[in-house]
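Each of the next two complexes has subunit A plus one other chain: subunit B in the first, subunit C in the second.
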Partner chain A sequence: MSSCVLDKETFRHCCQLLLQLSEQLGDCWCWVPVQDSQDGYLRKTALRLVTIDSRPFGDQAESSSELGPHNSCLSGPDVQQNDQDQSALIGSANGDIIRGDIEDQDNKDNRDGDDGEDRICRMCEGSSQVLQYEYHILFSCSYRAPVLYFRVCTLEGRSLSLEEVWGSIHPNFRLCLQTSPFTMVTQQEHPLLGQAFFMLHPCRTEDFMRPLLQAAQDQNRPVNYVLTWLSMVGPVVGLDVSLKYSTQF
Partner chain B sequence: MADDKDVLRDVWFGRIPTCFTLNQDEVTEREAEPYYLLLPRVSYLTLVTDKVKKHFLKVMKQEDMEEMWFEYEGTPLKWHYPIGVLFDLHASNTVLPWSITVHFKNFPDRDLLRCPSHSVIEAHFMSSIKEADALKHKSQVVNDMQKKDHKQLWMGLQNDKFDQFWAMNRKLMEYPTEEGGFRYIPFRIYQTMSDRPFIQKLFRPVSPEGNTHTLGSLLKEMYPAAIPNEGQQKRYQVVIHGIEPLLETPLQWLSEHLSHPDNFLHICIVRRLDEPPSPSCLLVFPTVTSAP
Partner chain C sequence: MSHDQHHQEVRIYEQSAASKIVMASNTSGTESAAAELKLQFAPFSSALEAGFWHQLTQKKLNDYRLDESPKCIKGYYYNGDPVGLPTRLTLEYSAFDVDGPTPARCCPAVGTLYNTNTLDAFKATDKKALLEKEAKEIWDAIQSGAALKDPSVLCRFILLTFADLKKYHFYYWFCFPALCFLEGIKIVQQPSVLDQALSAKQISALQEAYDGLFKKGTGVVPYFLMKYTDDTVHLAPLGDWDTFFTDNKKVTVGVYDPCTLSQHPGWPLRNLLVLLANRWGSKLDTVEVLCFRDRTLQGSRSIQHSVIFQVKLPNLSDSSVCPKSVGWEKNSKGAMGPRMVNLSECMDPKRLAESSVDLNLKLMRWRLVPSLDLDKVVNTKCLLLGAGTLGCNVARTLMGWGVRHITFVDNAKISYSNPVRQPLYEFEDCLGGGKSKATAAVDRLTKIFPGVISEGYNMSIPMPGHPVNFSQATLSQAQRDVEQLEKLISEHDVVFLLMDTRESRWLPTVIAASKRKLVVNAALGFDTFVVMRHGLKKSPISESPSGGAESSASCSSASSSSSTPAGSAPSIPGSSLFSNIPGHKLGCYFCNDVVAPGDSTRDRTLDQQCTVSRPGLAMIAGALAVEMMVSILQHCEGGYAVASSSDDRMNEPPTSLGLVPHQIRGFLSRFDNVLPASLAFDKCTACSPIVLDHYEREGFDFLSKVFNSSHSFLEDLTGLTLLHQETQAAEIWDMSDDESI
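Moving on to the complex of A and B:
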């Protein structure tokens, strides 16, 4: 029982290990401390090529079988983006693409007077676009589990809406989204920054981690809770964890 | 619990007189009159302001109205905090009615969560209740409830039905007598002095030695600056539901009676103005008698 939940110290320890591996692998996780406290979070940014499906609850779930495996983020520090300290991962063209029609987002997204901007930001039918993802891993003391927060914007800086984020979720995970979207991904306040982020809900984390941790314990195998957890929840929102994290060390 | 039902009622029926004024940069066809409402402290701004939107719709074109959001003296108001928390945190020293500015343009994406429908509020509300129960009962009570029970909590809040809400909520307030309280107290301490929106940690209602934890002991650990040293002038007010409970009030009692419907005890720390608070708003709550 006690091994299925995480405490703050173990969380930090797992994060440290993950950071070391990340550095060796050229992945770009970093630790962001929070002023005047012991708290902080892991952060990584990535660029992904994504097609937003406007009907995440529609009838396209069955089409997922037609898709190739979810894969192929070209990772590496060689692909730099304008911001110096940000890493860039660009999804290959056939990697993250999700089939489906694209809704005209225009009426929703006309936020301000700069209509020129909005025209450019608009999702146009049948095309995919490069989006900037920012992922944060925080510790939730309530659920005693790590929680994945993220936000997504276009290269022009327009934030994606919840519906668009739902539409960008890989078809393999759509079924769960269809039955109860709000228990999976919602918009939430980042508890350390006070800003609007999306969050993968942690209330079931203990349930799916338990068998994994149990098995590791039975086989006397060390396990990095945060890494194992991330390899399971990350892919839902396009954050793939390289197998090298487990195989090379 | 619930011997103090009057307190629960007083908390539930707390209201804040509010004046909604349209932001002057909005495009209108004629001058917009302000709109007045009594806002329930325990509800959410976006849940009780459909009338405000309708009111301003009369002088605006539909195409000029994007998602409605609220601001007080330059601060965008987070709809996902209970109304009473927003008022205590940002406006507790203001004159009434509380003057809120209404916007339909330039939604501050970074600061505010989107709220396109009531189902978003419901999801947020239920997620808070689940989190609180994870702290109080390891999620056992909320997971044992049926979907219709969850619905009853939400409908109770949405329709301002005290009895409907509490018929279900009392289950979330139960605990084994021998334990003297919940596992952990679901609380959040808010202040406006730093970027961090609130403090939330694990804190038990009873110390390992069996002493009752009070509001004072919580603050001492989480926000010591809020407790004046002896002889020192009080710099902060510790406000819950618009009142300053005595620091000696047992935390477990506060959690059961002064929590919001989302089952969290929301505590605001606000800088004290020079004038002392009027005595009428200082209610007296039961204090700890010496440990048995």
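Moving on to the complex of A and C:
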């Protein structure tokens, strides 16, 4: 059935509609054109405060039940360990030299007793960590379907490994994901950027889109392929699509 | 860690438990309580996206090269974050495109990039001077009035970087320059959220006015002026001060505020207050400040959580001298120092290849075989004896499984006929007499996958019936070869026998049996093959005397082709003698032979010495050898696993991957495989107790006797000679029986 696959033209059209809705809803999807070509992709970034659960993926099904409410004190995350190692490296190897030549002026004022005032308030990083999620929606010619690429990085710009990404997902949700048909996550070079991204493999996209599209067609209901697809696969990697995309307009 | 260092700090908890604020202070708790009347700012946290580092790498390699001159870059900040997120200045891949678009609703911030060529230059850079230079520019823009026309100059940043592109380590240090008053800024009216300070009507009027201002300009307005009555709100750009505020009685300024704290403004306000003090300080006593925050959640917009307060503008001591400035960011330890991020995992192509390979294998686990123990496979050290057609194919399949340790032993050179059948070699490898197979195979594996840990040994394996005693030199060479082989077998977990002669398999079979190493053996005929695991002898300690007796009993029963199942062999009705043989009772390659290995290449034509087999056979057999190894490793008993047979094909498999057969015998003419199993033979010329015993007691002396003697030595030792005589007698009987019919 022809309407179960997506052609490039329809993909762009769907993206445009999605962008309009995003604009109205104050969501932050944007279209990134690729130089010297008609190609491009939808892009969105999001920030999240998460607690990293460092256990390997395979262990999660067994142990998720013993975890209490979300973000109960899971300790010893790999990510933070790494960060500490790195900063420790600077501190020991290079820090002394670098640290010496500039002073913390705001605090120095205090020491000097100029007026005993501190002018900085500082966010304290607790057990949780701020992660930057980056989502790209591309069109795959071979699967004739949209493909969700994503990567997650720390505020320093270090991409997380897939284990770390899984670790950042709520344990209860992880269990569902393991059995969901959308979780074929692989690492792949971004076809337009040439950088390492994770990708939700599109090999089953047509399968789960077909009944939806068919139902819509039977009822003569217009359907935005990309939006509908995104609302299904997005939550798998923490990308929620507001219901308002389909209810408000 | 940082908690210890800041034990004197006072923490305030916001509405959200996630947002903990630390008052960076050296003062004691009581003093800072008194200091609450002074304004404190939430500094920027630098936020870099992975794409930024990729782009910096590209710029460094293609554009900047050794150019260290300052470059203009662009970041942005956002006033719509949910509570709990730090106040960030973000740089993404587009940071180098200063004229490019800024993400919707975000405020651009222009900065200067200083990318040094060396770590030493990074360290040696005078940070204080950089800050003062930038502060001076801000100050000049304030004094000249340029900052009124383009207030974005008030919110600039410096980024000092060093990119170690060999290690993919990036050192960086951000600075968000802020000019300082000599004294603190007194809060006249405590910060309150907008919906407590203004009416709903005023708030919606403000939103409307802001959107009007926003539309007029090209983008987000970082600073603006505000006038309001009970019903109306008017906004104007900063530059319109003189026409907008006619009496200076009550002045309200708005700042696009990236902070989410309800009691504190973000960093961008700092330089604005200095500007106000410089230009209108003499006329103004207090200023009202609106920290404009504009959040859209699930499609509904809100500015009610914006913060409004009044401060008393301090005097600038001398309006002609640039004030002191601050702004270098603390690192993750809370110290004044640079940060370093190691991006080798996402940028080093070799690391990327490794993680992709692992990820692909993990997919198998996640989706299809959840109980698959990949670590066991990946960490297995494999010794490949023979780097020909079988060796090449085994190596490639091992790589497919992510096996990292692959060692080759071969003494041959690559010849012109090899590359078409031996997928690790190319035409070029044959030139000039040919490269050594063992080393060429290692080179190729490393090219295919740099993460592999591979070594090649160009050496011969001494063989029975191939004398080594021509001279002292040949004898000591043989001894060295034996020692090397013993060492290699000790150092590996699995030994693959992939040679092209039978007798070359004898020595490694003996050594591996003695060292209790798993052996996987593959041998090719023209259109038939055998892939088998050798029985793994029980370790000498765990082998009980009765167990030894049992095995010899069952072996002798097998060898004498007795029809009655003997000893411990389970006699389930309908099952054959050869079902359910435990791994330690399985035979080796030589167990089914009734002649000792000798020189099989003698008296053969050249054709027969070359590998003459259907070309697909080596790939099939090589792949099966690896898959058999993986299945064995997945079995909880490993090499001691009971042998699966063809009959088990219908039963519940013993491992997540299926059966663990003893042998796979394939017949390409029929495209058929069978899974026979056979018992160890107590007269085996390689793995029988008497051979192992002699080897373990006499070592090379025993081995050299085997190498230098004809068949009869091993056959006499093991009792095969006697067996031959018995069977010959039996054959005669048979013959005579036949003849009599």
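Note that the second predicted complex is superposed on the first by the 162 of 249 C-alpha atoms of A that agree within 3 Å, B and C clash if a C-alpha of one lies under 4 Å from a C-alpha of the other, contacts with A are read in each partner's own complex, and residues count from 1 in each chain.
Methods note: a contact is a pair of C-beta atoms (placed from the backbone, for glycine too) under 8 Å apart; a residue touches a chain by one contact, two chains touch by 3 or more.
This one's a predicted model, so the numbers in the text were calculated from it and none came from an experiment.
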Worksheet entry | Dominant contact partner of subunit A by residue count, subunit C or subunit B | C
Discussion item. For A:Q132, using the defined touch cut-off, is the partner it touches subunit B, subunit C, both, or neither? Pick first, second, both or neither.
Written reply: second
Worksheet item: What is the contact status of A:L47 with respect to subunit B (first) and subunit C (second): first, second, both, or neither?
Response: second
Worksheet item: Just subunit B (first), just subunit C (second), both, or neither: which does A:C203 touch?
Response: first
Worksheet item: Counting only touches as set out at the top, which of subunit B and subunit C does A:S142 meet: first, second, both, neither?
Response: first
Discussion item. So in the superposed three-chain picture, is A:C30 touching just subunit B, just subunit C, both, or none of them (first/second/both/neither)?
Written reply: second
Worksheet item: Should A:L193 be classified as contacting the first partner (subunit B), the second (subunit C), both, or neither?
Response: both
Discussion item. Let me test your reading of the model: by the given contact rule, A:S159 touches which partner, first (subunit B), second (subunit C), both or neither?
Written reply: both
Practice prompt. Overlap the subunit B and subunit C contact sets on subunit A and report the shared residues.
Written response: 110-111, 159, 161-162, 183, 186-188, 193, 195-196
Worksheet item: How about subunit A: which of its residues touch subunit C in the complex?
Response: 23-28, 30, 45, 47, 49, 57-58, 61, 82-84, 86-91, 94-95, 97-99, 101-107, 109-111, 114-126, 128, 130, 132, 134, 151, 153-159, 161-162, 178, 183-188, 193, 195-196, 242-244, 248
Practice prompt. Spell out the part of subunit B that touches subunit A in their complex, as residue ranges.
Written response: 66, 78, 80, 105-107, 109-114, 116, 119-120, 122-124, 127, 130-132, 134-135, 139, 186, 194-198, 200-202
Fill in: subunit B partner contacts - residues on subunit A that touch it in the complex
34-37, 110-113, 141-143, 159, 161-162, 182-183, 186-189, 191-196, 201, 203
Discussion item. List the residues on subunit C that touch subunit A in their complex, please.
Written reply: 1-2, 11, 18-27, 31-32, 35, 38-43, 45-54, 80-81, 84-88, 92-93, 103-105, 119, 122-123, 126-128, 131, 170-171, 173, 180, 182-185, 261, 264, 296, 298-299, 301, 324-326, 328, 330-333, 335-343, 345-347, 352, 355-356, 359-360, 362-363, 365-367, 370
